[in-house]
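Common to both upcoming complexes is subunit A, partnered first by subunit B, then by subunit C.
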Partner chain A sequence: MKRIRFHGRGGQGMKTASRIVGTASFLEGYIAQDCPVYGAERRGAPIQAYTRVSKNPILERGVIVHPDITIIADETLLDDRTANVFQGVYGGTITMINTHYSSAHVRERFGISGKIVTLDMTDIVLTQIGKPVLSSVAAASASKLTGMVTRQSLKEAIVRELFSVDIPKEVVKKNVEAALICFDRTPDIHIDHSEPMKEDNTFVKLEYSGPYLGTPSTYARGNTVLKKTGNWRLFKPVIDHERCSRCRACFVHCPHSCISLDTAGYPRIDYENCKGCLICLEECPKKVILKKREVREW
Partner chain B sequence: MVKEMLTGNFAAAWGARLSGVDYVPAFPITPQTEIIEVISKWVNSGVMDTKFTNMDSEHSMITAAGTAAATGARVFSATSSQGLLYGCEMLYAVAGWRVPFVLINVSRGLSAPITLEPDHNDVLSARDTGLIQLHVETCQEILDTILMAFRIAEDERVFLPVLINMDGFYLSFTREPVEIPGLDEVREFLPEYRPGHAFFLASKPMAQGVAVLGGSVYSYFRYQMHLASSNALRVHNEVAAEFKSIFGRAYSAVEPFKTEDAEYIILMTNSFTVKGKDAVNRFREKGIKVGLVRLRLVRPFPFQELREYLRGKKALAVIDQNISPGSGGILYNEVTSALYHEPNRPGAVLSFIGGLGGKDISLAEFSFILDEMQKSVETGIVPETQLLYTEQDMKNMNNFLNIAGKG
Partner chain C sequence: MNVNMEKSAYENFKDISQDEHIAPGTALCSGCGGLLALRLALKVLGENVVIVNAAGCFTLLSVYPFNPFRSSWMYTAMACAPAGAQGIRDALDILIKKGKVKKEDDLKVVVLTGDGTANDIGLQATSAVLQRNLDFYYLCYDNEAYSNTGFQMSSATPFGSKTNTSVPGGVNPGGTAQKKKDLFEIWRAHKPPYMATIAPSHPVDLSNKFKKAAQFKGPKLFITFAPCPSGWSFDDSKSVEISKLAVQTGIWPLKEAICGELSHTVIPKFKPVETYLVAQERYDHLFHPVKQVDVIRVIKEDIDHYWQPYLGVEPLQDQS
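Entry: the complex of A and B
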């Protein structure tokens, strides 16, 4: 059995990616299982999805603790402790990261075990599809790494899954093209069958701990200020203050209150928290806001 | 017949569609929403000839389901967790009206703290309402059980609503291959509903659920519900036999897995049972005689079947994916009471709480359970209810306590 775990952010298409691999494996004649896990649905929140592919009936369900293949579709999750992208990664795991950095750089920076593969999927989808949706390309890489899915089944699975969520025909076609590029650029490496990490088998007996510890209450000050949500932005809005008429349309429409006015009345963007939705660019009547592609350094 | 990758929710929608339901009153709640989304889409596009109403709450939804069923309509609905609890007052009422319909509960832990992932305190809170309860393991079983549930609910010997429980996420959003039977086969098994019972007609005034004062009338009707529920066991087995002859898939009130020569038995319900089966397979590879029993029918409780599978075993471990604060596992209490008068009952019956709020049950946890069973057999000492909680779980918990400012 191959166990694939997808990590991404809400809106990037990881649930669909897990389904495409599920359907492609099913079309190949394997027994497949796919499943997303998320909390309250929200764009940008870290989510996980899982696909299992097997020749025999699958006697497992739910979370994949020790993945054979991990797809990390958003490199900014690497630094997010709550996203826990390296959980249960063992010597046999292949980790595929969507980044422009080399695998050597990732290994050095995070010190993870297993094989690491990197590919700039975002670049491929921006060129081929024009939008940063990663479902088809992430599915393509995962499919290649299983060694169990052919190009043909991958293609058919993308068509089926994207049609089922009413994606227009021409967009589906672009997705297939981007996916096939990703499939071909993903190295044809195989999974070592080294032993998975041992499960914790020391059990504890919980003792009564009083209402302070025993109730789901939070005493710490909010830590949301520490979450730089601008961290995973793909495009940065840049205001040309020379041509800005100070009409305040961007200030009014910013859904995250990331635009404030300086003492002269010019809009200033809080880049630490701007998610790059580009509504300001849409709303600017004089079109003096530009978008600039951002590539992170880490 | 076609085979497709379906989520548990989609399989449930297919069950309703193939059953030819007349009416679906609905109210959305995660992780059930996809069921009613799919049905409303099908109704809108005309592939499902069904009246669909989006209600203002689960309380109204259950009321609408019961009253529509009282007119002789075939009714389907679905809810989850807090929604089931909000409709709970009406569950007692509709069961008391003795109206047949099918209700899905997509299990999700109850607040507080809030979660979206499953355990079974929601469905077991409806344990004593009078609804028949079937707990399923796979996406295929959801579809199949809906077809069977209408036969059980509409049987003159039962005439009660049936509640089917499936786990959130572990089934609701999990896709796996599911056979969708053809409509002809389904109609052979489940014909169109022709109620031979008194039902509401505009031209024929009648009253249902009337007030009764003086306990003897009340006692009579309440006990009738108990008898009707008890009958459902026999009806279930008949319906399951017929289902097998048409569709080839076998279901029983209690599902045994490698129990015949087993010395140790693990008892579970619902979707986590697949993990239990995997553990049993691994123990068997090491030559340890372990088996598993899954309770599919929770109401009526299958006393006889259970006793037969557990007779003469060295030890039994009940894993409750629920918790009755101050008591322990709900099913543990039911299982031990069922075994009390069985002379050849298991030497030790152990109680474990696991999988609460969707927490994984790992192979290490099953190994721990087996060790505890063997220890109890050797020493004759049966431990109190134990929570399956590892040092790693505690480490994670302490991390969260630190984040919450309690370090």
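Entry: the complex of A and C
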């Protein structure tokens, strides 16, 4: 059995990616199982999805703790403790990261075991599809790394899955093109473990505690700033203060309270938390806010 | 028609407070229109507030151990936020009477819910507190579906739109077959002292309404238009633009009612409603692969039926 774990942010398409790999493997004659897991959070929050592929019936369920393949579709998750992207990575894992960095850089920075592959998937989808949706490309790379899925089944699975969620024909076509590029650029490496990791099945037993203990209370004021949602951003809004008329339209319309006014009345953006929605850019009557693709250093 | 022309407390963006009452870094979607409305509303309501929030997207504002508010906040089940508000109001009144809370430390009680809660499961609890004339605010962010659980249809979902439980196709090529419930009129039938609709694209109008509401004791009710980039499928940057279009096409009337007496605060330009519909993928099926003229005509007729009693008899939307 191969266990594939996808990491991404809500809205990037990891649930669909896990389904595409499942369907593609099914078309190849394997038994497949896929499921997403997300907490009670919205678009932009870390999510995981799992696919299991096997020749024999799959009796295992739930979370994949020791993945054979991990796809990390969002590099800003690498340092996010809550996302825990390297959990259970072992000598037999292939870790694939969507980044412009090399695998040597990843190894040096995180020292994880197993093989590491990198590919700038975001660049491919922005050019081919024009939108940062990574479902098809992440599925393509995962499929290639399993060594069990052909180009043809991948293509068919993408068409099936995207049609089933009402994606228009033209967009499906672009997805297929982007996916095949990713499939071809993903190296043909596999790890065939004679002894795959066994998932442990220990249960955590939670004792009942009364409402005074069991109901969480937060006394801190406004401590969500610590969450630093600036890493959700794909594009960064940049204000040209020379040409700004101080009209305040950007300040008034930022939903995330990320624009304040300095003493001279010029808007200042809190990049630590700005989610990059770009409403400020849309609403600036002078059109003096520009967008820049985020290229992060880590 | 009765248009409100008195001089307003807020005239432009310069009048909008620079104090922030919701910190950045919440778990809500990038570009959430409802969050913008809440942020603007709290700028007027100030810091002495306790929010009673029924389950929905906005309960994710505060996820242990994080809290974006400077004020207090309590989570309730979907059906009973107004009942929670009643309890808090009563408790505050008693504590003030007993001298255990100073009068100047009193809090405004604000119920915050989605449209699913407001129109469906929480409606009877609301009706009950309106009848009891509870002194509180209610802010419903109307994203026109049960968004938090994956965008299922609510009774506020508009006719002809797509949700995950009213997917166009087969017997229902037009998507949602039911008409949006008129929550404003249901609430208005209770004749509360103040109620209004607002939109995040109209911050000055919004601020004036909250300011005005403050002078009334009893229920003060607000429904905000809440463009939802994830559920309605449009780019995060377009929330304010879509809100403007909703007002300008006449599909989201901006109005208020004082003790049941209705007036509009913005007269729309009656832009063709198509400009609003095509901007969101939840209406894509009305234009592709073939234009569903009948469905679009019903949407236009409904806008006309709404406005004609106030504005005259000529069709306002081009019916072609």
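Observations on the model:
Assume the second predicted complex is superposed on the first by the 265 of 298 C-alpha atoms of A that agree within 3 Å, B and C clash if a C-alpha of one lies under 4 Å from a C-alpha of the other, contacts with A are read in each partner's own complex, and residues count from 1 in each chain.
By our rule, a contact is a pair of C-beta atoms (placed from the backbone, for glycine too) under 8 Å apart; a residue touches a chain by one contact, two chains touch by 3 or more.
Computed from a prediction, not measured in an experiment: that's the story for all the values here.
Of the two partner chains, subunit C is the only one touched by A:11; subunit B is not.
When the shared chain is aligned, subunit C comes close enough to touch A:226, but subunit B does not.
Of the two partner chains, subunit C is the only one touched by A:247; subunit B is not. Contacts of A:202 after superposition on the shared chain: subunit B is touched, whereas subunit C is not. With both structures placed on the common chain, the touch criterion links A:216 to subunit B and to subunit C. Residue contacts after overlaying the shared chain place A:258 against subunit C, while subunit B stays out of touching range. The intersection of subunit A residues touching subunit B with those touching subunit C, taken from the two complexes, comprises 40, 216, 218, 220-221, 223.
Residues 11, 40-45, 166, 168, 216, 218, 220-229, 232, 247-249, 251-258, 260-261, 270, 272-279, 281-283 of subunit A are the ones that touch subunit C when the two sit in their complex. Across the complex, subunit A meets subunit B through its residues 19, 22-23, 26, 31-40, 58-63, 65, 199-206, 212-213, 216-221, 223.
Residues of subunit B that touch subunit A in their complex: 5, 112-113, 116-117, 169-170, 173-177, 271-272, 274-275, 277-278, 281, 358, 360, 362-364, 367-368, 386-394, 401, 403-406. Here subunit C touches subunit A in the complex through residues 13-14, 16, 18, 20, 22-33, 35-36, 39-40, 57, 59-60, 62-70, 148, 162, 167, 200, 203, 229-230, 236-241, 284-285, 288, going by the rule given at the top.
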